[in-house]
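When the chains are written out, they are named A, B, C, D, E and F in that same order, and each has its own residue count from 1.
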Amino acid sequence: MTERSEGKQAQDRLQEFREFRERMNRRIFEQKDLVINRFFALDGQAYKPGALDEKTKEVAGLSASLVLRCDDCIAYHIIRCKEIGLSDQQIWEVLGVGLIVGGSIVIPHLRRAVDLLDELNRPGTVVSVDPPGHDHGS
Amino acid sequence: MTERSEGKQAQDRLQEFREFRERMNRRIFEQKDLVINRFFALDGQAYKPGALDEKTKEVAGLSASLVLRCDDCIAYHIIRCKEIGLSDQQIWEVLGVGLIVGGSIVIPHLRRAVDLLDELNRPGTVVSVDPPGHDHGS
Amino acid sequence: MTERSEGKQAQDRLQEFREFRERMNRRIFEQKDLVINRFFALDGQAYKPGALDEKTKEVAGLSASLVLRCDDCIAYHIIRCKEIGLSDQQIWEVLGVGLIVGGSIVIPHLRRAVDLLDELNRPGTVVSVDPPGHDHGS
Amino acid sequence: MTERSEGKQAQDRLQEFREFRERMNRRIFEQKDLVINRFFALDGQAYKPGALDEKTKEVAGLSASLVLRCDDCIAYHIIRCKEIGLSDQQIWEVLGVGLIVGGSIVIPHLRRAVDLLDELNRPGTVVSVDPPGHDHGS
Amino acid sequence: MTERSEGKQAQDRLQEFREFRERMNRRIFEQKDLVINRFFALDGQAYKPGALDEKTKEVAGLSASLVLRCDDCIAYHIIRCKEIGLSDQQIWEVLGVGLIVGGSIVIPHLRRAVDLLDELNRPGTVVSVDPPGHDHGS
Amino acid sequence: MTERSEGKQAQDRLQEFREFRERMNRRIFEQKDLVINRFFALDGQAYKPGALDEKTKEVAGLSASLVLRCDDCIAYHIIRCKEIGLSDQQIWEVLGVGLIVGGSIVIPHLRRAVDLLDELNRPGTVVSVDPPGHDHGS
């Protein structure tokens, strides 16, 4: 496969991740299930800056997602880390901590995380969790 | 139970945790198993300051330990967080992120984490992972 | 993407899930591995009505699948819940309990669960775990 | 060991579980951490009767706790199941589903769950999560 | 603490583990729950020699128990490994694989596993899962 | 679907797994992150023959991967098991142990494992983890 087509692939996956995420967040929001909607709100609140700044809280979220081996959660937190200004070197160090805590079982997720990070660094890629011009579902 | 005797209990648990941890680290180190000893060394290296400072790396370690629900690992990282100067408020915010990511199954570990934090804040408690006057086993 | 083509996508995924599940169940059954075949039989037995009715046992199975974050198991139990007559509202409440127990790491699986539930509710969708006219592999 | 002293032991463990749980719930509540306190409230809300009755929701909670192998959570939900009137036979069937979904790794937790259930059935044991005469911490 | 009293402690823990395990296996067996009793029987069957000998199957069981971080399961499989003749060096290598696959979160369980192994090697310790003169509950 | 086209599908998945694995291993290696590269080296070392032969260590790795439910890790260890000469019957027995320890939640991964094993046994399939003529990234 040429490097170009690999880039295309990763771009498609990123686009698909965002669209599905946003469509389903909206769908779940519209269900008006009290427990679930309140949990989504609380989930947003936990990462707001407080005694710890936003960057450190995203590091906590990314680290937890790595050791629990959830690709979508890892993708979300890596995009957020880039959005709020963590350097690639800083993100790699969180990947290192996650790998040591979680062991070799984390490696397949590490591969996909690095592939996403490279895609986010490709010129022209929009680095944001939700597509531009859309409201957040939660 | 009086509050005083509760303090005594938590102090005993903390003492026991440190002694067992240190004795077994030394025992494992002396076995000279190449893979295990190298992993222990690498484990130490992952938390050394780099692009991220030591505090942020300890936050990553504490967050991962919370969602993996390992009391000993949570205890280790909370003590390290206190040692290197994270405020209680900052530690509580990591507990909050861990609770949201990991769910109510984290609550029993949250209770024990808060109990330990209170013990570490009790006047006279030595805040260090290893007992004073001892070498680290790894 | 139009809503129609989304429906097509979810329908394809559902079809693929059933076909692969059934083909491999048959393949595994034909291997005649004693331990594995007995486990499959026992797995069926655990959900048979007893002191608890079938619906409550499927709720137990769905809740466990959610917190263990297994998409195929979640899909299986949601289809079964629909087959034996749980209402959508009841299924949403199980999703809520699973989300609270398992935390935000469950959210990507919740999104796929809700997408499947919507597909099962689309006019013309056959709500059964195995394709019509086929025997169960186990 | 005589059966009588075993009963004493289980009773002590049950008493200790309740006291620590209640003391720390109160301690956490008093910290007034917004994210954590809201999560505790939401945790209570998820089990309130709705389209599913309280018993079915407790079954969902017990099943999830079994496969996630959390002794304190299993203990909590077994006591709640008894409090709201599930029969022992019904609880055993949830244990069976949890064992099949989660595998032999659940067995040590199953042993402790059955030991607790026997203790709750011992004449004179108070079947409630919190000691009488105390307010809930959350 | 003197080395002697440490030995005493480990010996007590080993004794307690065996007694509780045996008492509860018998209790569960007597309940005559079909699903649970059949699962216990199947659990025994999976480790019987076949195309793989008993030692290799115990290695598989120990490795799985390590990465799932279940102390009782680790203890059971280490005692079985010793009973059927694996050398300490061989057991240490399984501990190494489990540590690498499962990561640093395995370390507290590794410490307790090594402590148990040392206790089993202490002159006079009976190396068997169940106390002598007792029938197995399953 | 004809059996032929199923074979084609499995072959494509196997090819894709190898190419992505190798490309990302090389990418990660070139990043020269000390902690991560050392961990990859240590991961290779843990499976080298010692007191246990290579086959037994691969059994330990496969068993751990099954209960942690990581498809890529299961695929890697099954290919390795075939490469170093474990018989299909031996691999099936490890699948059996993994299923019993990990429970029904392992079944979807068991299905994919058996599908891969069948593909590896198809005449003309190259049984190796990395594509021929390529260097290992780690």
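Couple of notes before you dig in:
Methods note: a contact is a pair of C-beta atoms (placed from the backbone, for glycine too) under 8 Å apart; a residue touches a chain by one contact, two chains touch by 3 or more.
Worth saying up front: this structure is predicted, and the values here are computed from it rather than measured.
Chains touching both subunit A and subunit F: B, C, D, E. Taking B-F and D-F together, the chain pair joined by more C-beta contacts is D-F.
Taken over every residue number at the interface, the positions common to subunit B and subunit C amount to over half, indicating a same-residue contact. The greatest centre-to-centre distance from subunit A, using averaged C-alpha positions, is reached by E. Taking the mean Cα position of each chain as its centre, C sits at the greatest distance from subunit B. If each chain is reduced to the centroid of its CA atoms, subunit A and subunit D end up 35 Å from each other. Distance from the subunit A centre to the subunit C centre is 27 Å, each centre being the mean of its Cα atoms.
If each chain is reduced to the centroid of its CA atoms, subunit A and subunit E end up 40 Å from each other.
Among the residues of subunit F, those touching two or more other chains are numbered 35, 39, 42-43, 46, 64-65, 67-68, 73, 92-93, 96, 99-102, 104-105. Because contacts link each chain to all the remaining chains, their graph is best described as complete. Remark: subunit B residues 1, 6, 69, 92-93, 95-96, 99-100, 104-105, 107-108, 110-112, 114-115, 118 touch subunit D in the complex. Subunit C meets subunit D in the complex at residues 42-43, 46-47, 50-52, 55-57, 59-68, 73, 87, 89-90, 92-94, 96-102.
By the touch criterion given at the top, residues 67, 99-106 of subunit C touch subunit B in their complex. Those residues of subunit D lying in contact with subunit B across their complex are 19-21, 23-25, 27-28, 31, 33, 35-36, 39-40, 43, 64-65, 68, 70-73.
By the touch rule above, subunit E contacts subunit C in their complex via residues 34-35, 38-39, 42, 45-46.
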